[in-house]
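Both of the next two complexes hold subunit A, though its partner changes from subunit B to subunit C.
== the complex of A and B ==
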């Protein structure tokens, strides 16, 4: 199964009891998120001037450990940037990300008691969180799109792989995760492995092409762009489409 | 985190009075389950169970570890139930509530202590290597009757699960990856299911199956019966609440048996469908490492 060929899929508002929820699957990863908020904060989480964004990442099997806490802290700081936290002082916006499925490496037997999340799951987590936040109607400065890019050195040449599979992550020289806001600003850049500035720049450009593809307004321009950037899915368009579908079905009155 | 909102007095009265007249808010019969759905994931050992608005996901997994010193011939089998704030904001991470403890204890008694999974078959090298099978129960949405849903999910996940194939040659244990050999199913002995009754009225005279959250909040007692399709009772738990007539309880277990047979049929049917879906036929079937017992 080549992960890069799959198109992302999303369902918004899947859980009846949460304020907002979303299920997202792409490149073998399936994540369900619920958002509750703004709700009353506990004493220790309370900020006097802004809302506390509480992110919980739960692995499909095994107990969450330091890796999950690390992912949580990255997600928390990124999402606090786009949520209008100043609007809700002394409250909590609670985001729970439950991983349902992650692609397995057929060539390695995994250790499970200590759940090991890999780096490449981060785009799926961010994307699901954003969809769930939109579903919960939490005010945000911008939406965000994210993608993972792996750099593989073959001979002298370097190759970038979009949405790498676990096997590709293992063999890759470096893996980068990028998230962009809907204003084309870089929200998150995390890298792992060995890379040069040139390679990082290439990965950045690849990721930006996926996350920040402009809306095709004029036909002529769209045609040119299509030729250039056929690699990888168009995340921004996907996010828009997922929400549009949801709104259309919600507003449909029988 | 905020506390769960209690139903208001009028809401409570409304539900109770309706039940006295043998009516339920969602129009079900007293001994009728909500629409039940079971689906399996792309991977082995993932089961998703939906009872109306209650949704539980169970995932089974296995790895090779060292057996406990006092049980060198047994494998390890664990069920982990941790309720996340996804089910309700009242649940907190790392702080188990009463619901969570009762749920994990009941699942433990039903599935583990009833010997549904043959733990001796999980032993690889006595005292040195064994399989550790673990089921993680994730409650995605909590709208009452978590116990029945979770138990069904756990049983379905374990029956769907395949562990990597192994071989021992000259004292060397080899665990084959999925690319080398097709994985093998667990040795499963019987499938127990939970059926939870809720009692209403001053003396618990109205017995109701598959209570929703609202009904659970206003009930006076509950009783969970675990049994398999042969009618062998694994456990009966009635934790507190008003006393219930013994004859009524016998009646409950009889009805529970018919429900368990339905669950059994459903799981069998879904598993067969799943096998058909995965069946690549021809050469792949011949390569399977599974032998008939």
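== the complex of A and C ==
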């Protein structure tokens, strides 16, 4: 079983005390998020015209270090773009992301503090944060979907792997993370490795096919054809499905 | 004389920086005064880079990089890490042989992996042989206060530098190994001839025992002397210049004293592969308080933003390119904080980064 074949799973509203929460697991990563807000801001976080988005990332083991600070800054700048922060001046929207499980790489020594960037976990963090924000009913301009793509050179040919495992990330030629809004705009692009602009473009196409697959207009032939031509999970559909399930179960209250 | 209601330029800039920059970028009469930024540069104009290598006398390699009012100094210091002090040290004999080296050079690791990523870089990462640290000096910019823990900016910067150091593979683990090669000593002993039997046996035994006894750990410390925007480009240029300047003393294992000894006179230049150069730009959008993404919002791509521009821009893009092998190889793309930059703009940004690469390459000579 490879990571690419697993389907994402999500549960919305798992924490009773938080305004909104979500649990998401995909490709070996499990993340739980809680969202509180808009709440009153402390003096130093207060902004006269918009809400401050406060993101905290907690690793599965140990305390957060420089790598988590970097992830937080990426998430903070991306999420404050899709949240309607102008609606809540002088307040804070607090997002806490707890990493519960991450796949292990048996080829390297396990160290608590790994300073290098963790590309593969970024999509899981973004997806969980978006689900939790939806669960907290925070007004947003758009939702976001994200995915990680790795390019691996085997023999003479290059191969694209969706949702790479830690070992695949380590041995890959290049690793890319893309996030798109629901308006098909590129929200976040992080790439590392050794690649050309053309290769980046190809990875972009692959990621866009996963994150921004158009909604099938009607049941039938068109949908079947879609499934044949594109591989990988359909993130936007998954996000919609997770919320639909939650709403349906909430309505069924008797 | 009646008091005038118009402000002089500095007051306008201080009171409402966003309209001030917008007015400069979109002048009423573009023929008479062409669009410019508040610092006088054109939108796609970067500040010239000055590099001064070997400016610190006690470091193994150092460089001072200045780009406008952003000044950063980088010192590289090597320290010996004996393998006996590494927890979970795993000697990988099969990787040390000449066959493995040839395979790595051919860009094809033993597992058929590209660029030998698993080999030298595994050691670098496993044993933390590269330790970058960034300090933003108090007084470098007004927002840095004395006596506070490292800010999120400093932590983010050092993570990015660390990640890129490993991602680009500039330094190979092989260059940081300190070897014990008994074969040469044994050969000298055998060359005398007619020695007693014990000596010969020892020689045979030891010939197989060519082994790594220690590693060099490179402490890469960066200090921002003055900070005026675009910290990553300057920091990365300083790291590259300092590593290219690094000369480590020749080290060998002394079996009698059971320790690593360094030569006082002989030094060896650190082998640095490639010349990756970072190029950053910020996106300035017309409407400060308008809805992000609402159409009809003009934008400008400001290359090499200064501190004022950085405070007014949300979206930033950084591209690291290396053109030293003829073809342009992209080492890293980081784009965050907005939705203006799409696929086309990022593709176009590659040519801007290539120009920047040529500028920085000239400065490094």
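As a convention for this text, the second predicted complex is superposed on the first by the 237 of 254 C-alpha atoms of A that agree within 3 Å, B and C clash if a C-alpha of one lies under 4 Å from a C-alpha of the other, contacts with A are read in each partner's own complex, and residues count from 1 in each chain.
The rule is short, and it goes like this: contacts are C-beta pairs under 8 Å (C-beta built on N, C-alpha and C of every residue); 3 or more make two chains touch, one makes a residue touch a chain.
Everything numeric in this text was worked out from a predicted model, so none of it was measured.
Looking at the shared chain after the overlay, A:204 reaches subunit C, while subunit B stays out of its contact range. Put simply, more of the residues of subunit A are touched by C, taking subunit B and subunit C as the two choices. When the two complexes are overlaid on their common chain A, residue A:94 makes contact with subunit B while staying clear of subunit C. Contact with neither subunit B nor subunit C is seen for A:51 once the two complexes are overlaid on the shared chain.
By the touch criterion defined above, A:146 lies against neither subunit B nor subunit C after alignment on the C-alpha atoms of chain A.
Residue contacts after overlaying the shared chain place A:187 against subunit C, while subunit B stays out of touching range.
By the document's definition of touching, of the two partners only subunit B reaches A:60; subunit C does not. By the touch criterion defined above, A:161 lies against neither subunit B nor subunit C after alignment on the C-alpha atoms of chain A.
Once the two complexes are laid over each other on the shared chain, residue contacts for A:170 go to subunit C alone; subunit B is not touched. Look at A:132: by the touch rule set out above, it reaches neither subunit B nor subunit C. Within subunit A, the residues touching subunit B in one complex and subunit C in the other are 107-109. In the complex of the two chains, the subunit B residues touching subunit A come out as 1-2, 41-43, 46, 53, 55, 57, 59-63, 65, 80, 82, 84-89, 93, 132, 134, 136, 138, 140-143, 164, 175, 177-179.
Here subunit A touches subunit C in the complex through residues 49, 65-67, 69-70, 72-74, 77-78, 81, 84, 86, 107-109, 115-117, 141-142, 152-155, 170-173, 181, 183, 185-197, 200-201, 204, going by the rule given at the top. Here subunit C touches subunit A in the complex through residues 88, 90, 109, 111-115, 117-118, 122, 125-126, 128, 152, 155-156, 158-160, 162-164, 166-169, 289, 291-293, 314, 327-339, 341-343, 346-347, 350, going by the rule given at the top. Those residues of subunit A that touch subunit B in the shared complex are 15-18, 30, 32, 34, 36, 39-40, 42, 56, 58, 60-63, 94, 96, 98, 100-101, 104, 106-113.
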